[in-house]
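Supplied in structure tokens, the structure appears directly below.
Chain IDs A, B, C and D follow the sequence of writing; residue 1 opens each chain.
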Amino acid sequence: MAPGPIRVAETPLVSYLLRRADDALVLGHRLSEWAGRAPTMEEDMALANMGLDLLGQARMLYAHAGEVEGRGRDEDAFAYWRDERGYRNLLLVEQPNGDFAVTIVRQFLYAAYAEPYWRAMMASGDATLAAVGAKAEKEMAYHVRHCAEWVVRLGDGTAESRARAAAALTELWPFTGELFEVDGTDRTLIAAGIAVDPQTLREPWQRTVIQVLAEATLEAPPAGFMRRGGRSGRHSEHLGHLLAEMQHLQRSNPGAAW
Amino acid sequence: AALLARFQERVDADQRIEPNDAMPEAYRRTLIRQISQHAHSEIIGMQPEGNWLTRAPSLRRKAALLAKVQDECGHGLYLYAAAETLGIAREELVDQLLTGKAKYSSIFNYPTLSWADIGAIGWLVDGAAIMNQIPLCRCSYGPYARAMIRVCKEESFHQRQGFEIMLTLARGTSAQKAMAQDALDRWWWPCLMMFGPPDAASQHSDTSTRWKIKRFSNDELRRKFVDATVPQAHFLGLTLPDPDLRFDADSGHWEFGAIDWDELRRVIAGDGPCNADRIAARRCAHEDGAWVREAALAFAAKRQAKQAA
Amino acid sequence: MAPGPIRVAETPLVSYLLRRADDALVLGHRLSEWAGRAPTMEEDMALANMGLDLLGQARMLYAHAGEVEGRGRDEDAFAYWRDERGYRNLLLVEQPNGDFAVTIVRQFLYAAYAEPYWRAMMASGDATLAAVGAKAEKEMAYHVRHCAEWVVRLGDGTAESRARAAAALTELWPFTGELFEVDGTDRTLIAAGIAVDPQTLREPWQRTVIQVLAEATLEAPPAGFMRRGGRSGRHSEHLGHLLAEMQHLQRSNPGAAW
Amino acid sequence: AALLARFQERVDADQRIEPNDAMPEAYRRTLIRQISQHAHSEIIGMQPEGNWLTRAPSLRRKAALLAKVQDECGHGLYLYAAAETLGIAREELVDQLLTGKAKYSSIFNYPTLSWADIGAIGWLVDGAAIMNQIPLCRCSYGPYARAMIRVCKEESFHQRQGFEIMLTLARGTSAQKAMAQDALDRWWWPCLMMFGPPDAASQHSDTSTRWKIKRFSNDELRRKFVDATVPQAHFLGLTLPDPDLRFDADSGHWEFGAIDWDELRRVIAGDGPCNADRIAARRCAHEDGAWVREAALAFAAKRQAKQAA
């Protein structure tokens, strides 16, 4: 592998795969930051579990992106040698862990989207995406269940937990619009029967979110400004720090095998 | 005394002691101490490896390391559950850890300074742990023995993974090889200390042996570990940091140099490189999580009240 | 410059220079982490000031190390291309910022040593070290004054500030033994009239510390275990994270000029 | 009304207004708003650049950036002091910032995503700021004018530094050049918006101009900035992200494309990429520092009591 950061010539399919892979990697990385720091040991297990699911999804998707791109790049080339501006993940998943409420609400908002997304993707014309869908759909269903339970417990727990859950919801809500964004890449692949139209996922996402928030006695923040930019590499300032730490060792030893 | 004799008969006959069986108070206390210390070690042991989760050099290694750290947490949970069968609550045990009343394995008071340390921990620390733990799979107390069977299976998987990390480094670039050697240099002696003080100085062994909690002496296990590990180091092409190490053809064992027992005592006493950090991190996680645990309790109480109504 | 981390063949003088330079760089870096986050704007200015002093010292010392080594390495080669195990700084200076009390106590404990140290170094047989001493002595005198004022304010302020100051002192005290450590490198250079014997600095350090703590109504922790290892590159787990962030960009672009 | 006329006469005669001079309430209010908004901008402006302090790619750049961030804090302090001469306390102004009542320059609501952004901020943002601020050195209010003289001197140093960062990147590796171009692409339009809405839509300008607080219109300043900057971009070998940009030989000015005023409105309304982060970070620093400020007050009170006794 040539030393130095890479720039990927992104066809629609490569770009589409990197977006999903980056979502999973960055969110999985965030969850791994919790290791040994969770409020209970059971939750340490659960956060690691969800992190492992996401890392697994990321690896399958990167590997497939490498095949589609056809330049011999493996999963690590994409993860470790792209710069911040080449990362295609949602802004939601790169937001810092914050307190446990932020982590759980972030995971819940993402999973409530990812579960129906991957279920729909089981019908993708791309066989690998369909296979990832079959696996990820079950995994994300667990994430939804697990996080929903916590959202309810926190929302309907103590005054403090309720305030923290509400604050997390307010903080993260502006990042949920990006889940349903459609651009040229999407349109091309929707037309080709490879991608699902994210607009069709808005309704199931809202249903899940509203139902769980109701049970948690929390209110969804009012519709308002939605932040975007992740898909085109215009990230928040948080991602760069995450990548600096994640990539340091690989980049310090170009060409080494680990 | 009659009870004690009957109990010893059962143990001698290799019958498993189960939670509801009569048992001497000292047996119960010894087991609680040993099992909870082991559980604490698993929980504290998440830290040195967790330190490299965000910096693992490949996605495969990152996922394997996260799975390993998760397994350690799982081991902690089985072991606390085993201790709870002896009539003590997990909260009390955790409290003993946080206040410094309870010990955990001193090996986790050494820092992980490079990625090779993750390999060294898997290869050497887990290797030593397995040596210690395999005999415990036949321990007289049923719940502990069963927990150890599960733990040992996973640990040997981790041990192979660790060795494979070392092998990759040892066959890698010169920087990687130097990293591997440096890790071995730092971890070797602390790993030999994991088997505890020399038999001559060991305090708990006599009754533990009689009760079939402990089946081999510290020195026996240490020797087994050295005999198993030295050829592995040679296979890796690494040098053990012990100029006195030599193979004794008569005994068929590797003879090693003098262990710095003062260092072990210092680290056990709290003065290792990371003791303060380890406990501070654990306390911090515990305190930061307090509001979450309170919320969960409050919610459970509300639901219960609703169902009762 | 060849890509990849470097290993320095450390003669006593090179090693000695790197130790001092690393102290200054790592502590300066820690102070720079405060930028925009200090309790008052005046303190933002002061922390940046002290950070700049230390960065300046580090740069002079690295440049000199490069000359003495004679392999054409510049300040950035030493700062950005040595790994954690090659860093020679005191454990004290790499400890995380913690709250403001930790940062101030850390700075005070270091400066109370560095001021008499650099004053004595003005007589060093190495002209550059003597010149650094002349500059650094004044700078560190300011650090001592500024931090001592805060130690007194925090110790004799509110119950909370007092508790935090005391906790910071307890946390950092075990790192102060390393300030006075003497090894072969030191002995060689002391004999050559280049280095000052750190043992001679213990008394002025203690005098400063005890006097300020007395004014702050704080007590020095009892003598006890002292941590060591920084001079031989056996660091705490904190340094690696600092370096990963600091070095990422340089290492991602080997050979680039900035 | 007579007072107002006399005041206007003094202004027209280019006499400096000083803190104890009589002045219309609207003049005072306008100045407080403008000076404090400027001060807030300096303080918030520490964040996007502070974001790269720990990642600066050389020690020289790291030191220069830290010095620059420190200068900004210093500017904030002079400016708050200038505002205080108008009879408002710094605490109140800071409070207005933290509660979102007061504004700061919208440019700081854009993120710094690469090292080149540090160059672009120095070159473009400080460049635009200087264009805005140089006329303020002759502003009718003395303390503000004097603060601006000092600020402008330091800003132009920063501006040259920023340009030099861009030049180094533009002459560097292809990755560095791409980084520089990308930064220019992202910062160009927001910088044009720094001069405020087009003159036709501007609300505060009329009285401000009459009172010699403002000496040039938004559009005049914007045009000056473009005329000064376009040749610099060409010198760097970078492309301005404006397909409509062309030199008009008749007027001697660079004509530029349409500005997306909706974006400016959105960012001012709070919906820029970093508004929430900037205020959250500022509040967090303020809250984390509360115990320190309380300690300083308590200590000062104790000392005072002692001296009084």
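For the reader, a short list of remarks on this structure follows.
Definition applied: a contact is a pair of C-beta atoms (placed from the backbone, for glycine too) under 8 Å apart; a residue touches a chain by one contact, two chains touch by 3 or more.
Chain-to-protein mapping (UniProt): A, C = Phenylacetic acid degradation protein.
Predicted model only: the values in this text are computed from it and were never measured.
Looking at which of A-D and C-D shares more C-beta pairs in contact, the answer is the pair C-D.
One inter-chain figure worth recording: chain C and chain D are separated by 35 Å, centre to centre, where each centre is the mean of the chain's CA atoms. The distance from the centre of chain B to the centre of chain D, each centre being the mean of the chain's C-alpha atoms, comes to 57 Å.
Chain A and chain C have Cα centroids separated by 40 Å.
Shared interface positions of chain A, i.e. residues touching 2 or more other chains, are given as 4-5, 83, 241, 244-245, 248-249, 253.
Residue positions of chain B touching 2 or more other chains, listed in rising order: 55, 175.
Pairs of chains meeting the touch criterion are A-B, A-C, A-D, B-C, C-D.
If you check the complex, the residues on chain D that touch chain C are 43, 46-47, 50, 53-63, 66-67, 69-70, 73-74, 76-77, 80, 115, 165, 168-169, 172-173, 175-176, 281, 284-285, 288-296, 298-299, 302.
Only residues 25, 29, 32-33, 35-45, 48-49, 51-52, 55-56, 58-59, 62, 75-76, 79-80, 99-100, 152-154, 156-158, 160-161, 164, 242, 245-246, 248-250, 253, 255-258 of chain A touch chain B when the two sit together in their complex. Of all residues in chain A, those touching chain D in their complex are 4-5, 7, 83-85, 171, 174, 224-225, 227, 229, 234-237, 240-241, 244.
Of all residues in chain B, those touching chain C in their complex are 48, 51, 55, 111-114, 175, 178, 182, 186, 266, 270-271, 273-274, 276-277. Chain C meets chain A in the complex at residues 3-5, 83, 241, 243-245, 247-249, 251-254.
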